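Letters A, B, C and D name the chains as they come in the text, with residue numbers starting at 1 for each one.
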Amino acid sequence: MEAEVRVLFFGAAQEATGRTEETFRAGDTASLRRIITDKYPSLAIIPFRLALNRTMLKDDSDLEKNDVIAILPPFQGG
Amino acid sequence: MEAEVRVLFFGAAQEATGRTEETFRAGDTASLRRIITDKYPSLAIIPFRLALNRTMLKDDSDLEKNDVIAILPPFQGG
Amino acid sequence: MKNRFLVGGPITPLLISELMTLGSDDNGTGAVSVFIGKVRDDETDGKRVKAIEYSAYEDMVIKEADEIIRTVRSAFSDVRTVMIVHSVGIVKAGEASLFIMVTSGHRDQGTRGCRHTLEMVKEKLPVWKKEIY
Amino acid sequence: MKNRFLVGGPITPLLISELMTLGSDDNGTGAVSVFIGKVRDDETDGKRVKAIEYSAYEDMVIKEADEIIRTVRSAFSDVRTVMIVHSVGIVKAGEASLFIMVTSGHRDQGTRGCRHTLEMVKEKLPVWKKEIY
């Protein structure tokens, strides 16, 4: 079952895609990840993790409508 | 050979003796320590160390005229 | 301040002094440990860093910073308050981009709690930087 | 300031902010670690501490503080400056009596150097206190 979700791009992922935000349709985070990297091959060199609704994802997860997925390159605060 | 030295009292040693400074005659720090504690028995309960000319004494030392000996109770800065 | 944890631009000396005053009206505090991170004018490939532009996932910063503070307070029972402020936007070399303050009864847990907060900020706060030459 | 390391009375927020400015005009500094020791209103035998009166062997403080700074700078090569200020005289509960600041290129040696300075100050600085109730 596919759902429409918001995807946010941060840091180097923002620069690689030229986008801050985009809407995608996917059933789970594994397929979403594939869809996004197919559309933006430049993301392949960035070792990003995903957050789902502001929580860092440890394992893949099913998606529901209006979920917010964030593409998070390694943090660089400090 | 005895020398005239300045003795400075600090912290609890000042309170125990009621003095901040006094002149004594002694040949070395071991006998000076004895002379001072004989004069001020109240010092006996204070675990003081000695400094000779602003340097903490590790071993007993001979004394020379105008040496400055400090009676130093445990430090409490901070 | 954009939210409790983020400020636009550098963390100025004035803001630092205000933040330090905030944590100081507690007569049971014996130790105040502060860490300030500053932008260095590092040189890479013959280019010198003039500034760093920080960006953040602001909603998630709030969640993660709250979680860091909870963790530090439960790991160090002598810790009384934990404050975390990070810059977003442009911070020039020589200016501060991170402020951490931990107050505690005594020095041991305060200094260790401050260092621990700092490590967790580095590891968990969703913030990114871009050098400007 | 009575000398480079001793100030009469409390270390005021204004003095702290001046001292922190002194250490900040160096664009190679990436980390500023500060420790502030404050007088707590502890209770012993039903009496609450109102203030502490600090006294010091002032000449020896200079010698020992210089030695502490030399030791820390040689043990932590990334450390750039070390500042130590202690109060003498009366400091009320809630007021600061000790200020330590260590600047460094990076956070690791800075935070460890600050803690090491603090431990050496406690161990080596000839300062005494008397509680006032």
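Assume contacts are C-beta pairs under 8 Å (C-beta built on N, C-alpha and C of every residue); 3 or more make two chains touch, one makes a residue touch a chain.
For clarity, every value in this text was computed on a predicted model and none was experimentally measured.
The set of chains touching chain A and also touching chain D is given as C. Of all chains, the one whose CA centroid is most distant from that of chain D is A. Taking the mean of the C-alpha atoms as each chain's centre, chain B and chain C sit 48 Å apart. Averaging Cα coordinates per chain places chain A and chain C 27 Å apart.
For the pair chain A and chain B, the distance between mean C-alpha positions equals 72 Å. Distance from the chain C centre to the chain D centre is 21 Å, each centre being the mean of its Cα atoms. For chain C, residues that reach two or more other chains under the stated contact definition are 37, 107, 118. Of all residues in chain B, those that touch two or more other chains are 78. Under the touch rule stated earlier, the contacting chain pairs are A-C, B-D, C-D. Those residues of chain C that touch chain A in the shared complex are 37, 54-57, 59-60, 63, 86, 97-98, 118, 121-130. Touching chain D in their complex are the following residues of chain B: 8, 10-12, 14-15, 51, 54-55, 70, 72-73, 75-78. Of all the residues in chain C, the ones that touch chain D in their complex are 13, 16-17, 20-21, 24-41, 93-94, 96, 105, 107, 110-111, 114-115, 118.
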